[in-house]
Amino acid sequence: MLLAQSSWMEVEEYLKRSKSILVPVGSIEQHGPNGLLGTDAICPEVIAKRAEQLTDMLVAPTFSVGCAQHHLAFAGTITLRPSTMIASILDWTASLQRHGFERIYWLNGHGGNVATVNAAFAEIYAQRSFSSAVQEQDILLKLQNWWQFESVAALCKQLYPVGDGQHATASEVAVTYAAYPDAQKQVQMQPKIAPTGTITHAQDYRRQFPDGRIGSDPSQASVEDGKQIIQAAAEAVAAEFERFAKS
Amino acid sequence: MLLAQSSWMEVEEYLKRSKSILVPVGSIEQHGPNGLLGTDAICPEVIAKRAEQLTDMLVAPTFSVGCAQHHLAFAGTITLRPSTMIASILDWTASLQRHGFERIYWLNGHGGNVATVNAAFAEIYAQRSFSSAVQEQDILLKLQNWWQFESVAALCKQLYPVGDGQHATASEVAVTYAAYPDAQKQVQMQPKIAPTGTITHAQDYRRQFPDGRIGSDPSQASVEDGKQIIQAAAEAVAAEFERFAKS
Amino acid sequence: MLLAQSSWMEVEEYLKRSKSILVPVGSIEQHGPNGLLGTDAICPEVIAKRAEQLTDMLVAPTFSVGCAQHHLAFAGTITLRPSTMIASILDWTASLQRHGFERIYWLNGHGGNVATVNAAFAEIYAQRSFSSAVQEQDILLKLQNWWQFESVAALCKQLYPVGDGQHATASEVAVTYAAYPDAQKQVQMQPKIAPTGTITHAQDYRRQFPDGRIGSDPSQASVEDGKQIIQAAAEAVAAEFERFAKS
Amino acid sequence: MLLAQSSWMEVEEYLKRSKSILVPVGSIEQHGPNGLLGTDAICPEVIAKRAEQLTDMLVAPTFSVGCAQHHLAFAGTITLRPSTMIASILDWTASLQRHGFERIYWLNGHGGNVATVNAAFAEIYAQRSFSSAVQEQDILLKLQNWWQFESVAALCKQLYPVGDGQHATASEVAVTYAAYPDAQKQVQMQPKIAPTGTITHAQDYRRQFPDGRIGSDPSQASVEDGKQIIQAAAEAVAAEFERFAKS
Amino acid sequence: MLLAQSSWMEVEEYLKRSKSILVPVGSIEQHGPNGLLGTDAICPEVIAKRAEQLTDMLVAPTFSVGCAQHHLAFAGTITLRPSTMIASILDWTASLQRHGFERIYWLNGHGGNVATVNAAFAEIYAQRSFSSAVQEQDILLKLQNWWQFESVAALCKQLYPVGDGQHATASEVAVTYAAYPDAQKQVQMQPKIAPTGTITHAQDYRRQFPDGRIGSDPSQASVEDGKQIIQAAAEAVAAEFERFAKS
Amino acid sequence: MLLAQSSWMEVEEYLKRSKSILVPVGSIEQHGPNGLLGTDAICPEVIAKRAEQLTDMLVAPTFSVGCAQHHLAFAGTITLRPSTMIASILDWTASLQRHGFERIYWLNGHGGNVATVNAAFAEIYAQRSFSSAVQEQDILLKLQNWWQFESVAALCKQLYPVGDGQHATASEVAVTYAAYPDAQKQVQMQPKIAPTGTITHAQDYRRQFPDGRIGSDPSQASVEDGKQIIQAAAEAVAAEFERFAKS
């Protein structure tokens, strides 16, 4: 069930049987020569939409722009400052709590979001922790990176034993190609596998990684691989969401 | 050209011929018994995607959650506080300016965003106005509600001479039905045309407008109407964007 | 009854018969060659003081500095950033609510304040809307531009059929001349009627409108005209405030 | 020269001969049974307007609402939170700096503002101190309480040897009566001289000081006394402003 | 009793007999040629630790970095902006209130903190003052500069009749030398007694006071003097804290 | 070299040979029945002070209060909200950059700080990334948890093969006992090894972990063990800091 395509009455109905919701959270940032700027938002979104077909799950709209300051030296990247992202996550959460949601599962597509999302969780919990009053409504927040399920990691390793990489990975590009086959781009990678290093600010990033990739050869990506990864990830998400909803 | 499905190299190429970009901006909020929670995000997004086929235009990802505090008494509504939305628009704009964009055209789907988006524009301009230094890069921000083009307003008036309404309008529901035909909902409206009134906070809103609609009978909406409206709006957007890009 | 010249006991007495208050809200910004920097604060203030003589009304001190970033290239202009103005309006409102006021009528003298004041209203309402608890105290916020009453607009049109303009208008200058006759300035306008255009940031504003006026010939302003406008506006304000207080 | 009644061209002219400006800063808060809610704004304003007749001085509009949280249990009090007041002072200062002002003299009417205004000064200076770059434009900020000039303190002591007090003082009430004779209020003080104590939050304040006064008998105030105090303070301000402008 | 070296169970035990706590608050800033960067944090900390041996008192960790923007032109200085310091004091206070503390005594080592700490107190009290609800838990905040006890001031005057000074004073350097004898530095002062003046921003400060001192000759400082000052201050703190705890 | 016990001239001297500094960052939070509230601040501080004896290193004052909202249901815990901690880290960093530091090594004592410190790093880098201008001064920020060096983890595993745990660990308690032997507390643990689980807000934490420990038996801690751990960690820090300073 997709929140954006539901009516408020349908969501009210859903809340009678579940207090849990999934929010895909991504980033708009360069993903190398053949990767899409929307990769990190597209991946959790398509996985969530597939998972939603496997279990009773409400999927919120995608929180699409995240923390991508380090990619700003590449055209098209859009970022929030961490402080803005924290404020935004507070508002999304307060809105969902208003309706009675007590379990929010953030399915994440971008490693650079992890610190800030967890800081936001602490900010939300802190509001509650500063009070010694007993509060009726509970709240549980969970962040899950889609590529870190064991089954998914194993599949990616099998598909791309060499050059899956750290940024603009073959596996994430494959997922987006499965989602938007027309957006595939044929680019010769130079060098075949990109260098690795440490991430700081945008100018330093571009100096180290001139075409945007880190450790990857995403020219390996294919629609077929992407479909497999989406299916594996969706199954893992559906199963974990069910456990989370009951926790 | 859709930014989320482009590579950074393609955006860099686009910037050589244009400094302009369109950002659809919406809201996630109840739209009555048969309207979708995502209506205000879906409308500018589908219109922008159609317009992009009519002219050389870069379309950013949709800024999907806006100012919807007054709808919070209806399940599924998600809102930013105005101060958070201002911070977010600042960050989006600063990101786009970083790449050299000088014209940002915000195509809006929600009347409740207008004040806050304009306040954000003033906040952005103020950063620049406080300095007396000459600045090389220019910046021009424009907000346009899709339903306020003359041609669009005339078409909606012709399609729905009675009960187009102010919120959960027949015309916006039609646009979303054209975009997502499977999401159509058959609901008997009670009363046929909803009451009108003044908007304040969420509890007051629900008291006045028990099913969420204001002044509308959205059961008139159809996929066919929606297609016409999208086409009319897309033509108006494409033409205005061209003028804006040259201004 | 003027709050600033009342004792707290007198206000406490007033609150027994009314929960409503009027706040004049203005701006300190250039108003062309013969207009006063305080024009936008002076206009709602003098109109409110006249209206207060026509009905039982409490008038708060004037919120005198508003959103005027676009005028910063002209000496003497003082502005708040929109985010600061929102914070200030929150504090004024919280203070007034503390005493039991439930209807706050903001009589506005500056078009550039409209977006930010409305964003502030949404921020205030949002605080309440995020909670599902029933709240005893009600709050209703209303913004009214003094020049937009039908009777006032008609009078200005009659007095200045040509060249009333959009900024540094003949009518607002007339109101300030009626309030402070000694502050009248004799300046030859060059050109007679100023150009019109779009407002962005300060440097762009000064480039387009070298002497600060937009579309106006304020040399038409006179004390006598100002008195008429004040009277017309005060009557409209008094009548509307009475309705608002009972709503 | 009053900024609010000047044109931008007149201020531009003034800036050729002086980089200094005076800003009256006050508070809207209860001042006991016969004192005006606007007392702390009125005092520095009328003193500044008198001083302006004695020397070449530009007087900004009054920053009328300050830090008065401790008076909120008395009707009519309006306060900013300290953080809002700091943000506002930053914006006023940035605006004035934009025009070339380098000396801002804040003439203060409220003891409760002192900490926050000084914190704001430190916030403004800090923006500059974090940079090691040489900056052409200088900035000097000064806060002066009108009642702390030696000559003024001596006069008040002579006029009211007993019961001038700490809040709702006889001397400040006298100044406002001189400014607005029609606003005088005849109230029997009970007890004759109010108690003294420590200021914390609003409920505690009202518990300790039931009618709002601290240590004072303001029934001694008269228009005639007020005139003398205004004259003495204006002379002190004019002299100090001249020194400040040259420093 | 030192909070940092206690267990939570020991603090819970303490709260049964007292609701009061002392927080040393300092600054990390240059203190002239022979003074320590930590001087303003070390002084209240060692005095508090000595006082804690004289009475039943809980000493919180030292709030060590304060408002020192004016010293930033000297290496090693670390400052918070006033707005950050206010936010931090709010959080410390909210944490302590959560446990039931109702009296917080801030023992201050830095004159430059006074305005901002008092602004923070007003911000905290304001949260409470905006509400008209009766609140069970009380809160009392007090700021005390260690050098302003009469007994301490008299002792310092006796030890250093000439050149104790205003910044990098002989007495504060003596206190730190008593605390850390190994950190003593032998430096010839040039001139013997430093100049005096007004504090604004960092560049101006360094221009006026090239070696960082104001009005002092801290080469007079000795371990023996420091011990005496610590003892005198500790006795004064212990006595005042006892009164405060009972107030 | 300890910054707090150095003069500004000594730091200026240090900056001629190194642009690197170490900041211990901790937390004030409950550490079970026999652990100190200051544990997480004490550990990195004593390790840093030992490391400073092994290499040329400047050690800043300890950033002692961090993110501990989840421990607020235990007396004595003090926390910053993540947003406040981010603002504070920005100010510390801006201060250090002002003096020319380009490498800041944060030695962390608290797992709960990791997300927020990394979010702060991204906020700092973002300020720079939004600009396309070339910047002369570089900045590199690094966070290192003291317990995660391989040599340290191996030693702790060897000392406490069972029940080192996740919070209030035997190893961290041992470090604090080595630092403050007088603060050792003899407490019988009940149960011997604490339960494990997931961390959310304070009330939930206390419900799950009634005495504050997670997975640990800290009664194993001893001064002797602590000394060994300090030595191992100090050697690892010194070696890594040297590499970092040269990177």
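Here the chain labels run A, B, C, D, E and F in written order, and each chain numbers its own residues starting at 1.
We take it that a contact is a pair of C-beta atoms (placed from the backbone, for glycine too) under 8 Å apart; a residue touches a chain by one contact, two chains touch by 3 or more.
Keep in mind the model is a prediction, meaning the values are calculated, not measured.
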Fit chain D to chain E (C-alpha, same chain sequence): the rotation, rounded to steps of 5 degrees, is 180
Duplicate of the A-B contact set - from C-E, B-F or C-D, the pair where over half of the pairs recur
C-D
Averaging over Cα atoms per chain, report the distance between chain A and chain D in Å.
54
Please compute the C-alpha centroid of chain B, do the same for chain D, then give the distance between them in whole Å.
47
Whole-Å gap separating chain E and chain F, where each centre is the average of the chain's CA atoms
24
Which positions in chain E are in touch with at least two other chains?
72, 79, 81, 83, 95, 98, 129-130, 132
Name the shape of the chain contact graph, picking from line, ring, star, complete and other.
other
Where do chains touch, given as pairs?
A-B, A-C, A-E, A-F, B-C, B-D, B-F, C-D, C-E, D-E, D-F, E-F
For chain F, which residues are in contact with chain B within the complex?
129-132
Chain B residues touching chain A in their complex are 3-12, 15, 28, 30-38, 41-42, 60-62, 64-65, 72, 74-81, 83-84, 87-88, 90-92, 95-96, 98-100, 180, 183, 185, 187, 212
Interfacial residue positions of chain D with respect to chain B in the complex
94-95, 98
List of chain B residues in touch with chain C within their complex:
67, 69-70, 72-73, 79, 81-83, 86, 112, 114-120, 122-123, 125-126, 128-130, 132, 134-135, 138-141, 200-204
